Amino acid sequence: MKLYEYLAKQMLAEHGVPTGGGIVCETPEQAEAAARKIGPCAVKAQVLVGGRGKAGGIKLANTPAEAKARASEILGMNLKGYTVDKVLIDPQLTIEKEFYVSITLDGMAKLPLIMASAAGGVEIESVPHDQIVFAHVDITTGLLPFQCREIARKIGLTGDLAKQFVKVLTGMYNAFRKYDAELVEINPLALTDNGTRLVAADGRFNVEDDALFRHPEFPTVDEGTELEKKVKAIGLAFVQLDGDIAVMANGAGMAMGTLDVLSHYGGRPANFLDAGGGSGVEPTAQAFDALLATSPKAIFVNIFGGITRCDLVSEAIIQVKQSKGINVPLVVRMVGTNDVRGREMLAESGIEAYTEMGEAARAVVKAAYGKEA
Amino acid sequence: MKLYEYLAKQMLAEHGVPTGGGIVCETPEQAEAAARKIGPCAVKAQVLVGGRGKAGGIKLANTPAEAKARASEILGMNLKGYTVDKVLIDPQLTIEKEFYVSITLDGMAKLPLIMASAAGGVEIESVPHDQIVFAHVDITTGLLPFQCREIARKIGLTGDLAKQFVKVLTGMYNAFRKYDAELVEINPLALTDNGTRLVAADGRFNVEDDALFRHPEFPTVDEGTELEKKVKAIGLAFVQLDGDIAVMANGAGMAMGTLDVLSHYGGRPANFLDAGGGSGVEPTAQAFDALLATSPKAIFVNIFGGITRCDLVSEAIIQVKQSKGINVPLVVRMVGTNDVRGREMLAESGIEAYTEMGEAARAVVKAAYGKEA
Amino acid sequence: MAVIINKDTRVVVQGITGSQGQFHTGQMLAFGTQVVGGVNFDKAGQEVHGVPVYATMSEAVERGGANASIMFVPAPGAKDAAYEAIHAGIKVLVLIPEHVPTQETMEIMQYARQHGCRVVGPNTFGLISPGENAKMGIMPNHIYKPGPVGIVARSGTLSYEIAFTLSNNNLGQTTVIGMGGDRVIGTNFVDALELFNADDATEAIVMVGEIGGIQEELAAEYIKQHVRKPVVAYLAGKAAPAGKRMGHAGAIIEGNRGTYQSKVDALSAAGVKVAALPWEVAELVKESLK
Amino acid sequence: MAVIINKDTRVVVQGITGSQGQFHTGQMLAFGTQVVGGVNFDKAGQEVHGVPVYATMSEAVERGGANASIMFVPAPGAKDAAYEAIHAGIKVLVLIPEHVPTQETMEIMQYARQHGCRVVGPNTFGLISPGENAKMGIMPNHIYKPGPVGIVARSGTLSYEIAFTLSNNNLGQTTVIGMGGDRVIGTNFVDALELFNADDATEAIVMVGEIGGIQEELAAEYIKQHVRKPVVAYLAGKAAPAGKRMGHAGAIIEGNRGTYQSKVDALSAAGVKVAALPWEVAELVKESLK
């Protein structure tokens, strides 16, 4: 889960990282009051997408009245599909130099990874590798000051600025650990006050979804569409796509493979849906129902019955058909545990069932678009 | 540094260990008021020596008036050389069974050591080894619940009591780590409330002196004599002993060896003093001065000049002699760095100086007691 | 012959008394696996399918002689249970649970590394050696048969599909390894390739990969340098858009890392035959064994 | 010949710019030790006695080629500095500071163990190999000479006294190891005995022990089983009362552990000659070498 900039900075400030002390506001009036305290400021849209500066989501204001005006422009604005409902009133900084520093989870090394660069202020992907310092943290030992000092030196910080950097990085790491982050990023880490002070001018903080159960303190920010939220509420992995053939499969790999096969034969998948291994009748029926509600041109169900029992999947489909009716073409491919019984049940309800995945995919494409794949 | 029982329990309670909720009091009136809240109680002298129960430092009271009476008996009482100035008013517990549990520093394994036993309530030294569970904690990993469960099971705790024990031991360990303890002990860990609840009925908590710089929150309890405090304030290791020949040597091993040699020849050392390696003239003079103030029968100085320069030691001694006079026999043994000069300086001031340790020891014994060793 | 587990593997089931634990204990026993015990602190002394339940892992090791563990403990208890297993001396640890916080997985991996314990998973379907009647996992028993193919897969059902096709084409398996779908896993493609490469009974290797991460790319590098046995791959996620996480935590295309094409290119360059569709894998394996 | 350090040891001094660091760098250089660098983050680029000061340990290793470190950092910074040294790949680490909190020493020891680094100390006077012109410590240079005796000691000055007597009796030393006076130390009697026992040049071993702990008892056990070279011991603290800490954190008699008599009994039973007075050690060594 991504946190808004203001929350990210709050997590960092809690751990001793200087953040400029901005104030989050929900109305132009609040922004005006905040600017009175802060002085010349930046009015920054609180959204979870990148590139908000270029999209007009950050504006400068030199007086409280200007801050109010800028805030009323930004609040309510649509930024890449998200409506802005909060702005951060942040002090304007005179920046001498911009650094980059982040901590992420490195899956290959199986350790937290620190990246730091003297070439900050731009997306790290655009910085040449030889200008980035990479350092893994021994997760059992933790991050010790010496490692921070080594990194500081490699990005050109010495003396008191190195000491400040140790504090910044230590604070980031402590927050990273405490809140089970998958990303903590400060970009830019700004050198201000005539080169005497480091300040986190922007901050990103992504908490891992799998660890949210430990952190009820975070307000849930759900980034999905309405349909995605609905299916996720059933407990299934779901992603909405651009196409028009709804897809249900069991297992994430199988679901991905199903999209691939469908696409291979000219179909346009409307979604990714992992109906799970061994889910019961009820959630399967609910998921199927949700797919149906999007009015696709056809529905493709692809089941390899391992733990999943094919007869139970059939039961779920038949339940939906009987209660609400299925008014679009439905193609089912079903093999594995209890597959004969499952296919029989479907046949009795007038639903086509295949054993070969390719054959089934071609059939659903034809049913959807009225032509051979 | 040892903490009083009430502070030990406070540290434990902070970390989720149930402690009975006693109240510390400094007057009989406070004890009466506390007993009103607590009900039937034990009035427990807060001293840092063991065996206070047998010495009359723990008394039961069933009413507030009794608590007041018992407190006035105990407050001000002399317990093994310490004056009682605080009592803990602790609820009386109906104890079904007493367990023992502690965490200490195991120097050989270089890891924290948990000891637990179902034979609690007595000193752990008196419990047979096969009735004690020993378990080391991986200090980098920390103490995990599974290890607590294993210990619980080995001392006969299952079900909900095992869960309580996990909480107790986890709390003890967290406190042990947070406060740099060298000992955290609960004895007895009492099974009360008809066998449904574990409570720390007594607690010991020793914080390591070397880590006190990290814990300004602890009130300093200095356990030494006046003279010990005075010499420690100079920054030197000092222990007062029963004898009458004051001893100064450089280095802890050398100081111990000096006591041994002196004793070997019939001398009775008055103290252990490690004057340090390479200390300056001033602290050496101060330490020497402090020894002198105890009016010993003689003073024995034994210096092996490594980093310590013999001439500087001579300078310190001469400084004291000139400013205050040395009115007891003084024997110096001095070899090593600048020893010739050092001995010359002493000779010029009329002080005997030897090169052989045994010879010097015999001389000081003769000087002190007027007879050959 | 097989890798990681064989007929001598003595399995303990952590969380044996839960519904998943009970069901799969029965399935593993049915496959012929030596399940020597289960663990649940509060239910010690009971039995599940005739298997004794111990209070702690150290008891399961001392009294049951267990040397491998499969874990059905819910994610919040996974770290504690994993440490318990490793601390007790377990040398093969299969972590079934999904949604284990990644930082905890990292801690588990470091502890395992320090104690010489092989971890498979988390979020895996486990592993199975059909010729050895050894199974530590949740895959269906009936789709496998003994034979010369080693399979390593990121996802479960897709690998079942492929294993089943292989079995139906008389291409049985030495061992099938489920890597797990998380970002941090104990045994990855390179580890599995190393094992299969050294296993005399394995004549061909099948990789079932997917988009996200760089594991397939690293595997390609390893194959180029070390593997002389035929390798066939199928990769899922060709049709998946960038920036969307496809079920598995690892299956997300971030920046220019982990795309379908980069994986196909890397593997092809290493001499791996990449199947465009799942059912083509069997054909490619058959050809490569000629 | 010598143990732990020799003429190839390339020493870095952590905290070289402090007064202790500067003084002893000079002394170590005077002894002929290869001091290749010092470390102080804020004083990088300076020199101390002609030795370059680096900002970090990794620079000292990469640019100075250091493989051993002696630390003069005050106790509160010891853990950080020790981890820095071990992380940089240092294989011999001598911890001079006293008053390092024991729990931190334990953490250092575990990190060192995981990375194959030998630690000497903390609260040690260091070690010296006279025949190799190698010194990492704070002992006076002039009292040692090359020869066949290995010395391992808990305390500094007392061991100086004994080493000096030995040298004056023409009994030089292979290596003198200061174990350190703390409760938790990196290299103890058993470790040192093992090294001296395996060192061809060492013909006799001198232990300088003291009351407290059970290290001498464990050493006796080890000697009985493994050591065939003559061992002579002197133990300080015969006259010390129980329950009082004699300067060193480890030198305290607790309960019935660590008494003078138990140590003398254990060592005597293992065939060790225990000197009653410090100056008797040289005589006993001389006899044992006949």
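The letters A, B, C and D name the chains in turn, as written, and every chain counts its residues from 1.
Quick note on the criterion: contacts are C-beta pairs under 8 Å (C-beta built on N, C-alpha and C of every residue); 3 or more make two chains touch, one makes a residue touch a chain.
Quantities reported herein were computed from a predicted structural model and do not represent experimental measurements.
Chain centre most remote from that of chain D: A (centre = mean of CA atoms). Per-chain CA centroids place chain A at a distance of 55 Å from chain D. Annotation: 27 Å between the Cα-based centres of chain B and chain D.
Under the contact definition stated at the top, the residues of chain A that touch 2 or more other chains are 140-141. The set of chain D residues touching two or more other chains comprises 107, 111. If the chains shown are joined wherever they touch, the resulting network has some other arrangement, not a path, ring, star or complete graph.
A list of each chain pair in contact follows: A-B, A-C, A-D, B-C, B-D. Those residues of chain D that touch chain B in the complex are listed here as 75-76, 99-103, 105-107, 109-111, 138-140, 142-143, 153-161, 164, 181, 183-185, 208, 210-211, 213-215, 218, 234, 236-241, 244-251, 255-256, 276-279. Interface of chain B with chain D (complex): residues 105, 107-108, 110-112, 125, 138-140, 177, 180, 182, 208, 210-211, 213-214, 237, 239, 241-242, 249-257, 259-264, 269, 272, 274, 277, 304-308, 335-337, 356-358.
Of all the residues in chain A, the ones that touch chain D in their complex are 141, 144-147, 149-150, 153, 158-159, 162.
Touching chain A in their complex are the following residues of chain D: 41-42, 44, 55-58, 79-81, 83-84, 87, 107, 111. Residues of chain A that touch chain B in their complex: 140-141.
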